[in-house]
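One structure coming up, written as structure tokens, with questions to follow.
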Amino acid sequence: MGATVAIAGASGYAGGELLRLLLAHPELGVGTVTAHSKAGETLGAHHPQLIELADRTLEPTTAEALAGHDVVILALPHGASAQLAAQLPDDVLVLDCGADHRLTDAAAWRRFYGTEHAGSWPYGLPELVLHGGGKQRDALPGATRVAVPGCNVTAVTLALAPGLATGVVAPDDVVAVLACGTSGAGKSLTPHLLASEIMGAASPYAVGGVHRHIPEIQQNLRLASGGADVTLSFTPTLVPMSRGILATVTAKLTGDGVDGGSVRSAWEQAYADEPFVHLLPEGRWPTTAAVLGANTAHVQVTVDEAAGRVVAVAAIDNLTKGTAGAAVQSANLALGLPETLGLPVTGVAP
Amino acid sequence: MGATVAIAGASGYAGGELLRLLLAHPELGVGTVTAHSKAGETLGAHHPQLIELADRTLEPTTAEALAGHDVVILALPHGASAQLAAQLPDDVLVLDCGADHRLTDAAAWRRFYGTEHAGSWPYGLPELVLHGGGKQRDALPGATRVAVPGCNVTAVTLALAPGLATGVVAPDDVVAVLACGTSGAGKSLTPHLLASEIMGAASPYAVGGVHRHIPEIQQNLRLASGGADVTLSFTPTLVPMSRGILATVTAKLTGDGVDGGSVRSAWEQAYADEPFVHLLPEGRWPTTAAVLGANTAHVQVTVDEAAGRVVAVAAIDNLTKGTAGAAVQSANLALGLPETLGLPVTGVAP
Amino acid sequence: MGATVAIAGASGYAGGELLRLLLAHPELGVGTVTAHSKAGETLGAHHPQLIELADRTLEPTTAEALAGHDVVILALPHGASAQLAAQLPDDVLVLDCGADHRLTDAAAWRRFYGTEHAGSWPYGLPELVLHGGGKQRDALPGATRVAVPGCNVTAVTLALAPGLATGVVAPDDVVAVLACGTSGAGKSLTPHLLASEIMGAASPYAVGGVHRHIPEIQQNLRLASGGADVTLSFTPTLVPMSRGILATVTAKLTGDGVDGGSVRSAWEQAYADEPFVHLLPEGRWPTTAAVLGANTAHVQVTVDEAAGRVVAVAAIDNLTKGTAGAAVQSANLALGLPETLGLPVTGVAP
Amino acid sequence: MGATVAIAGASGYAGGELLRLLLAHPELGVGTVTAHSKAGETLGAHHPQLIELADRTLEPTTAEALAGHDVVILALPHGASAQLAAQLPDDVLVLDCGADHRLTDAAAWRRFYGTEHAGSWPYGLPELVLHGGGKQRDALPGATRVAVPGCNVTAVTLALAPGLATGVVAPDDVVAVLACGTSGAGKSLTPHLLASEIMGAASPYAVGGVHRHIPEIQQNLRLASGGADVTLSFTPTLVPMSRGILATVTAKLTGDGVDGGSVRSAWEQAYADEPFVHLLPEGRWPTTAAVLGANTAHVQVTVDEAAGRVVAVAAIDNLTKGTAGAAVQSANLALGLPETLGLPVTGVAP
């Protein structure tokens, strides 16, 4: 076992998923686990699936408790992680699953979060295609700070970026509607997350341009398109499943010369060699069930000529490729390990 | 009991819902029930909820079996109903829950259905706002033939039509993404509708401009907008619930003078007096659970200024307001009964 | 509208279901609605399905607020209702959906609830078959106080009582295992009721003879069997559905002379004339979906000769026949109205 | 990669789960995959989660197609596997996930299956505690034929066997009620397995002593108890989840000297060293979500003194520990590999 990993915020869903993945990782071992209000309790009380770690006690989340590890992964509410990270040594690899260090634009941060910007870290979405060639992956080897993307952001970005990078679709009128599992909202004890409210129900939230993932998606799509302004209508909906995001994303075709062939070719080229992002065979559409528990995104795209739009769809598990798997994948890259090490590709379906 | 109603296709989900509603209707009584492959079996074998009708035998679907009733409701696959309806007397009220008589444009029919057009009937969406004032309701009193709308169509139309009728939104770039319960697909025995495939899964279908509800939505929105061409990107997704449609619909604002106030006013004006369509208070978004089993649509709308779009959302029960309730509502109107007679407004939540 | 009904505890699930049923009742009208911590808020904030009552304000739960109605229905935690009921006039019909007044045995109350017994009221399960003939229904006309049964209790009692009343099964080794929807647990904000924890999960709770519904079931089965002691193993399990209880109950056959015929005859005789309890045709087993939203119990029974046991199964909706419907049914009886008035028999399936 | 494995019946759910596990196994590699009616199609068309095998073609299920592998796993309907296995060489390890070779009692086979008995194979439930010491595990090293247990059987056996082996509970009146996910029923295209019928519904099936898993459970419990006759009431219920079995099993305490301590001690002793069967800490009850996708059983037990019974509960994933994981675990043992090799212990929760 090469390196030890401390987890801050280990009592939550992202924390549990990080621990599940680390238990199966050949080079990363579980170190200290911390929590806020649950400090002093055992992991077993919060994660019945983690049998092997059931007796581990959650320590209070402090820089001291996290010290002495090779890697620290923060699974904390936004605001909390910036403060904590500042107290961790520079040569420790710190990955932040929260939002604090994702945005490069301080004004966008202030507009959507209402607090001072903590600065930005290398962004942990290796498969993000960049305009002019290359991918975000190149920024990660040797990094000691990584901002893990938001789960909705990953789904929308992976669905659409190839079209922007190649110029076959336009960035000025993107519409994304997502079907989201409830674990993305964490363990917040609010009535609308009760099982009785969710089962049999679909409902939207954060409608009308206010969701905090919007500037992060725009940032990614701007990188893909080479700097263009991105106009985005973004609506997440809660549907009755624990895990999973299905992002349906449409954007306008850029011109008459763009057809199904050039569109497909753009996506094929982007993802042909990706171990975790798969363009499905034509005619087959993603289902979130197929990526459950896997660090995998399934993507499909088609052209609606009458509407003058592409429709691109991506399915991910919000806790795996959407959060914990992305953190481990980025840790692998930062540490110089094989990118895919210890990460499941096959979903637990049906 | 004023009138008797025969149901063709009574073994399916729409048929079962029609019977549930008729059992509670003070002026419409259940007459003959028919089926195709299930003829000879009892209703009890197919609809365990219909205790009071459990011993009724399904007769073969023929014009003879349906004769002698005041009302005939057809819940048949498209193609089947046109042929049958042609054999029924002109003075019998016939409501077709299938697609055969919804479209006025024969070319659109041929393009999406690939068969000859059977002609169009008065369209059973009373709340459809028409350009220049008035609603579709006015076409129904005294009608002896009614085309019941498609369930997805009802959701998208009710969500967006007020904005088109008042000109605050534009018809040229409408995007609709729907979260749909499985009962809309009927009892088809196909693997992708098995419970094991659906639970825990969200997936799109009929993507890219091929869904047969598209021309019907365009027809309605054209009526609302006063004849403009409607460009529509339409993507339905299956989510793990038996009933319910949540339609998230966005369209561009028409100009700088249009703001949240004028948008809200358009929707308020359209639905202020509607018994079955409710614009929710600001800040509260529709959930399909709230309309389960009810002939009710919940609607909300907001303006995303950065995206230059309205986002309008409607929730309905696909089997009630989406199909069987719409048929009964239209039958009430056609027969001169109170429009709301016998129809539930309150959903079965949680 | 004959009588007005005040609801205490109207912000909860039982309160919402009471209001749904009252809205459809021809002789009972909604009066004051009260709540504890939610007082001052509107019904619309808690029950999106109750469109017609959305603007009603919840008043604080006090005897004063409840005064001046013909009927008061209490949907409160146990302990709260006894105190409040004592302050209401004797001639007002008070129905308690909580546990305070269900048990006749003060010692059993103290053993399971740990507080002083508030005394018992006429018990609102009209279909409970009593040993020696008669049913519990006879105790309700003219009553001014009614204890509404527990939801699990209703399911287990209706499943098994006919066998005890006729002596074909023995009371000394009853085993009941229930699959329960989450709404029975109310809106408690506890992690194990979060949607993320419930979907995809089945788990038992209150195992090993500690559930508070046990003495109430024993009381009912004792009444059915003519005073015999009832030994009961009772295990409820939470399964991923909002509503519904499926009770699987087994008890030993009393002798060699008892066979499938005499067992079926016992159940047929008990329920032949019941409007809300239906023994299904042989070979067809209850499903909770068929009773969703209905004041209906579906029951089936069979003999397992090798095991020497009957297996009796009942399905109810915990909020309707299990709580709110039972309250309205008892109110009908107490007020001299037709027992079935305003109560739905048909479930909302699929 | 040490050994190659052929899968017969690879298009079904058990086949898919076998392939998922084999993809992660360091010593077993995927060889030929076969199917019956789906022969000629690709795995990708049936198992969207198996991205790495998407292009593999399903061959027809014949002895020829399966030849030349070290291991053959049969995931076929009962009846089919006996015939096929007879054509495979004696020195190839054959594991049958079907029922054909599980029962040692030919009369019991005929009574429940109605056909001639194919004979019995070493039984692949390593953790089955045997009366007088030892476990079923000892029968597996070097075996070339293994009968993989039924999924319900595994859950009930693991829940109760320790009590019978130590004599603290009696075998003469066992009652088991199970909450079962739908994938246990496979991909059968029958209406009652449609998502619309299952979601929101709990219902029993094969009630009254007719389920084919009964004699297999009795056989196991007889082995645990040292030969006593086992009387069993067994009722499975379908609940709305794709995977998972929660078995609630009760049996009578054997005497006054038996208390909570001796009961807990019996279970602790049985499972203290088991890698895949975990007795939970007192007060914590199993949930199927915690074992999703894992080859793990969670078990808990308590004493209900008033009822004179233990209540023992086990949760497994029917496709993993219930079928495919059990096959791989037995293959590991038969081949002399570490028993736990390549098998996940941690469930994918929430």
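The letters A, B, C and D name the chains in turn, as written, and every chain counts its residues from 1.
To be clear about the criterion, a residue touches a chain if its C-beta (ideal position, glycine included) is under 8 Å from a C-beta of that chain, and two chains touch if they have at least 3 such contacts.
Only a predicted model underlies this, so the values are computations on that prediction, with no experimental measurement involved.
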Checklist outcome for this item: Set A-C beside B-C; more C-beta pairs touch across B-C
Checklist entry - Roughly how far is chain B from chain C, going centre to centre by Cα mean, in whole Å? => result 36
Item to check | Gap in Å, rounded to a whole number, between the CA centres of chain C and chain A | outcome: 45
Checklist entry - Do you know which chain C residues sit against two or more other chains? => result 13, 183, 196-197, 199-200, 240-243, 286-287, 289, 292, 350
Checklist entry - What graph shape do the protein chains here make by touch: line, ring, star, complete or other? => result complete
Checklist entry - Where on chain D does chain B make contact in their complex? => result 13, 181-183, 185, 187, 189-191, 193-200, 240-242
Item to check | Residues of chain C defined as touching chain D within the complex | outcome: 173, 175, 177, 179, 196-197, 199-205, 207-209, 231-233, 235, 237, 239-244, 246, 248, 250, 252, 285-289, 292, 300, 302-309, 311, 313, 315, 350
Checklist outcome for this item: chain B residues touching chain C in their complex are 13, 16, 20, 23-24, 44, 47-52, 54, 183, 199-200, 242-243, 278, 280-281, 284, 286-287, 289-294, 296, 298, 344-350
